[in-house]
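Paired with chain B in one complex and with chain C in the other, chain A is shared by the two complexes that follow.
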Partner chain A sequence: MNKPQGTLDKPKLTFAQKCKTMRGQQIICTIVFLFVPLLLLFTFTYLPFFKMVQFSFYNRDYLRVRSFVGLRNYIDVFTRSDCFQALKLSLYYMVGSVFQISLALLFATILSFKVRGSRFFRGALYFPRLICGIAVGFIFKFFLNPGFVLDTLLGWIGIANTPNWLENQAINNIVLVCCSLWKYIGQNIVLFIGGIASVDPVLYEAADLDGANAWQRFKSIIIPSIRTIVVLNLILSISGALSVFEMPYVVTNGTFGTSTYFVVMNKLAHTDMKVGLASAMAVVLLVIIVLVTVIQKLVEKWLDYRENWPHDYGTKEASK
Partner chain B sequence: MKKAMSLLLALVMLTGLLAACGGGGGGKEPEYSGPSYASLKVGEDYTDLTAELRVITHRTDLILEDPDRRDFTDFAKEFNALYPNITIKYEGITNYNDDMTARISSSNWGDICMIPTTILLPDLNMYFHPMCALSEIESESDYNFATNRAYDGQVYGIPSTGNAQGIIYNKKVAEAAGYTGENLPKTPDAFLKFLQDIKDKTDAIPLYTNFAAGWTMTAWDAYIYSGATADPDWKNITMPQTKDPFADRGDGTGAYAVYSLLYNAVSQDLTEESPTATDWEGCKPMINNGEIGCMVLGSWAIIQMQEAGPNAADIGYMPFPITQPDGKQYATAGADYCYGVNKYASEENKIASMLYIKWLTESSNFAYDQGGVPVLKSQPYPETLSAFEGIGLVEDTAAPTELASLQADVNRESELSLDADQSHVQRIVEAVITGNETFEDIIADWNSRWNAAVERCAPAQ
Partner chain C sequence: MNKGKKIVVNVLKYVLLVFAAFVALVPIVSCVITAFKNVEEYQTTNVMVLPKSWLYFDNFITAWKQADLGSAFLHRFLILICVLVGSVLISAMLAYVLNRFQFTGNTLIRNLFMVATLIPGIASQVTVYQIMDSLGLVNSFHGYIILMLGTDVITIYIFLQFFENLPVTLDESAIIDGCSYFGAFFRILFPLLKPAIVTSAILKGVSTYNEYYMAGLYLQDKTRLNVVSTSLYVFTGPMGSQYNYICAGVLITIIPALIIFLLCQDQIYSGMAAGAVKG
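Right after this comes the complex of A and B.
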């Protein structure tokens, strides 16, 4: 029964007393403040998500459940021709996002150094991001239609016989990718400018003293310093590319082979009322996005590893 | 701290779960012991009834309180002369069918709405008040289209107006091409000749597809039923149990004739130059001014085309150019959206709602003003539908109770979504322009999808 010597007896506190201690107050504050955002997160993100997963096992429309079908919806997603055909279009958008990020990096680097009117350009480049996606869609719909703005502009500089940008299947998806790029590049630029601003200016001075030119500075100082942000942007763009909706939906309404995965899903859910099947499509897409993100992370780790190991072992012989 | 966090998270989940369970129940349906729709006498019964009605409509253009135009707000005032204590508030929804489908699952959306077509007939009683027995208003002298939103002998929706399915055209353009009321085309081949003549003799676009707006192309589906087959049972009873309904019948009738007309018109260059550049709002003044020859749209579009410019008198409406082997032409007539009354409204509101609906359909002259087929059999046809004289107007018969949802089930299961989605009609135009597939390929694909759906949805024998 005797307590070992040397241990302090903790004073026994009642629950009310515990609440009054510094620690107790901290916990109460945290709970109270976190409760609301967590509740919102749960009600509007997790609950609908769980419901969607549940829906995906049923044959149902919005108002009525017909029957439990087990995995049939998932089997349908993989055996139908249109779902994965639509996913192939995402390749256009993925290639586009690589261009988008390179271009954003270029603009961000230029705008981070002293350029006349750089504030104006930052604003101008970010501006499209502020316009509602549907409105951007309508802008491009009128911009690209035969005989409208783009054709007129090209006519002025002597280019006649333009193709029909939205109906020619060789180019219409590329045109739509360019529209997305115009809208979303501002986001990337802002993130990159933020990243570049956090680079220690001393590094540039040191590089200047060593006689580094602009390209060398970019390659050896900026890129390594903001690599996390580049990767973040890549992940966001790739998952964005898998779930493109606004542009093809508004500009072409999925016609002429521009129907992306989301456009197909939207039609199945809202006009054919196959809510179960559409939910299964959404779950499959989620799994694909998670996979792609994990693969990207792994590639990044591998690059890290490859870059670092010669230095770790300091084997000058090996690098010769 | 970690323990506190997980406790908190669990608490949040639990609250959310309870909220979710609570939300599912909906309200309780109040008892109803009042009179039926058919037995109400507007202007005589319940004149001192006090109620506040919320009405939801798809006609956002008719609630603007425009002083130059008699719209719903004026209807409400005229109704108030008879029922001063019933106040009526209108709300318009642009993307009506989808938005209303989502709202209808809460019990307190309002009192009167246009019943969304997404709600299957067997489900009507989950949301709407049964207004009267079908036998009370279906007789020879009463309502057209009474069966449109009825199930198991009960009427849940009263048609706001009726539509006939034909082709809207500009009379002056047709005249310049050599066509007057007498020799308007009656067969698909004659129609293609008609379009060719417009192209040769005028500057107008012969046939404007309205491809870009999308929903406008669903109009084509409305012609393939009784209008193209002369069989009133085709849409709701026969077609959902028939294999290969899109196949060529060889006599210029049926769905094949309707869709091949579009295919041929596009492939013979008788439509606008670039379908993606079509503009729905823009087409109205264009046809009014004679820049467009014709468009394939239901009779609901007539009034909009007439009001879009100074030449209202030039807008004409003709039956779809399909002639049956017996030498007669037929056109489908059907209900537009129907008024439904919320099942969860109080008894006073239900009575007030039914009085207002009855006044709208019987006394407001709404259907006539809109150029629609009258809802009451005793009401006159509007001038614009004069070309339909002597043409058999056929109403698609409602399926018997046990097959009530068959058409909708097969239609959705096939993913063609006739009447609701335009992508299959757009596909015809795309096929011509891209050359990726022939018309026969498309028909074969539709038939195989329809056949599979027919098999999957076949009623138990």
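Right after this comes the complex of A and C.
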């Protein structure tokens, strides 16, 4: 790279002269521009990752290594009741995200066609996403406080004797899933609206001419055209559900059986100083996330292949 | 389709939308109601009963003082400026090199950034804390700023996408005219990046403004290093049930995000979509 071929008969360049050639300049520019981002990426992403793998084999806190424990931490992750309980909790969030995606699909469809005030409705549904997590925590502590907002609203429609939303263990995780849906559904809606907007409008016109009703239009045009993005969102929600952190952290702080996997890990690492165990938890989750991502990529390829095979034969190559 | 059915579908559509908007907004609106009540009203009336006066601002003043929001906003603003300038420069330079130069390792670097998005931020903080500690960066604004710069991938994608649509002939002609690569980047291309800069600055700005987890971890000295998001923690202690103050504090912290949202809705939507495609 630094000694291009065919330069033998040219006069030897000094380092300073080399730097002035176009190639030399390009190399300097590359090094200068890449240095900071790569240093940051290495220091705050990859170094922590390798340390995490290393720490997971030790019994240690932040400052001292106590002892090498082999796979003990990993065994603990699967046998300790708090970790295992937390893994079960993610089922709530997985079911929740199926609801979230279906609802988002419904509203994205409604908002994609002529609706008065669609900008307002989309804005109202998206805005919660931009509220700081801690503020969201206070908002819901207030909203769900016994006798406060939600109980009053339910009282208006004649529902009394409501449970304590955040302390009753039969429902508090469902309540937190709803809080999370409140904050994040807008994001799905906006993404799906984008997907629907990219459908060729000729298709809708043709459907209208054929007398298709709203449901047929939804089933035969919208669903097939945004199937890929919906399926990918569903798969991603598996790793999303496992890494839920915000709502249980800010609303209940993991009390009354609401500790998700990351809330447990956060507490072990930063309160109990069991850094080795927390690292093992992080590694286990990362392995799952990588698996899910690999599956996602495979499904993406498969859907791509299926969609482009029959009618687009050969054009894909050309468009590249 | 018969007319009656069409009307029913239409009505149903609006009922659904109004209900959804109601659910989305009622938690915030109920905070507004309570924030305008004085102590006696707050204690004696139901939370959904409207306040006597919409001009009662004492709760906001108390919340502002209790949470020391003046210095919290100042700190957050300074952090925001540094993070935005830094991340825009870093990401634009990185995207320029990755998009314009062919060199061994180009794809590798792209993939390294791609894979980095898989690692959830909270998981890596277990060991990042130890690294920050050994670098002496815990409990300092500059440490927090460096960390916020390092965990940034969406901005990079926005710039990469933008560079793909900027014709190479632009920088080629600048270089033929005697510009260096640095000159071509800073004088010709950087000014053209304005739309990407605006979009990424808004997204990064909102997420930096709202960031609370790392602020709680790395800015532990709450009196000296308070920032807007974590300043609300004041209300968890003995003030934990005085929701008239808490709601006022919450609303104060929401207002900047609301203003940005009302002004830049479209950039937020499109930027988020751009980030979500690859990230």
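Everything that follows uses one rule, which is that the second predicted complex is superposed on the first by the 250 of 320 C-alpha atoms of A that agree within 3 Å, B and C clash if a C-alpha of one lies under 4 Å from a C-alpha of the other, contacts with A are read in each partner's own complex, and residues count from 1 in each chain.
Going forward, a contact is a pair of C-beta atoms (placed from the backbone, for glycine too) under 8 Å apart; a residue touches a chain by one contact, two chains touch by 3 or more.
What you see is a predicted model, and the numbers here were worked out from it, not measured in a lab.
When both complexes are superposed on chain A, chain B and chain C occupy overlapping space and clash. Looking at the shared chain after the overlay, A:148 reaches both chain B and chain C. Applying the stated contact rule after C-alpha superposition, one finds that A:270 touches each of chain B and chain C.
Shared-chain residue A:162: touches no atom of chain B or chain C.
After overlaying the two complexes on the shared chain, residue contacts for A:290 are found with chain C alone; chain B is out of touch.
For chain A, the partner with contacts to more residues, out of chain B and chain C, is C. Of the two partner chains, chain C is the only one touched by A:135; chain B is not. Contacts of A:64 after superposition on the shared chain: chain B is touched, whereas chain C is not.
Residue contacts after overlaying the shared chain place A:254 against chain B, while chain C stays out of touching range. Of the two partner chains placed by the overlay, neither chain B nor chain C lies in contact with A:225.
Common to the chain B-facing and chain C-facing surfaces of chain A are residues 30, 34, 38, 43, 46-47, 62, 145, 148, 270. By the touch criterion stated above, chain A contacts chain C in their complex at residues 1, 22, 25-26, 29-30, 32-34, 36-38, 40-41, 43-49, 51-52, 55, 62, 106-107, 110-111, 115-117, 119-121, 123-128, 130-135, 138-140, 142-143, 145, 148-149, 152-153, 182, 186-187, 190-191, 194, 211, 213-214, 243, 245, 249-250, 262, 265-266, 269-270, 275, 278-279, 282, 285-286, 289-290, 293. Residues of chain B touching chain A in their complex: 1, 4-5, 8-9, 11-13, 15-17, 19-20, 98, 101-102, 104-105, 118-120, 123, 126, 211-212, 214, 273-277, 412, 415, 417, 420-421, 423, 426, 430, 433-434, 436. On chain A, the positions that touch chain B within their shared complex are 27, 30-31, 34-35, 38-39, 42-43, 46-47, 61-64, 141, 145-148, 164, 166-167, 169, 252-257, 267-268, 270-274.
Taken in their complex, chain C has these residues touching chain A: 1, 9, 13-14, 16-17, 20-21, 23-28, 30-31, 34, 46-48, 90-91, 93-94, 96-97, 101, 103-104, 109, 112-113, 116, 118-120, 122-131, 133, 146-147, 149-151, 156, 175, 180-182, 185, 206, 209-210, 212-213, 217, 228-230, 232-233, 235, 243, 246-247, 249-250, 253-254, 257-258, 260-261, 265, 268-269, 272-273, 276.
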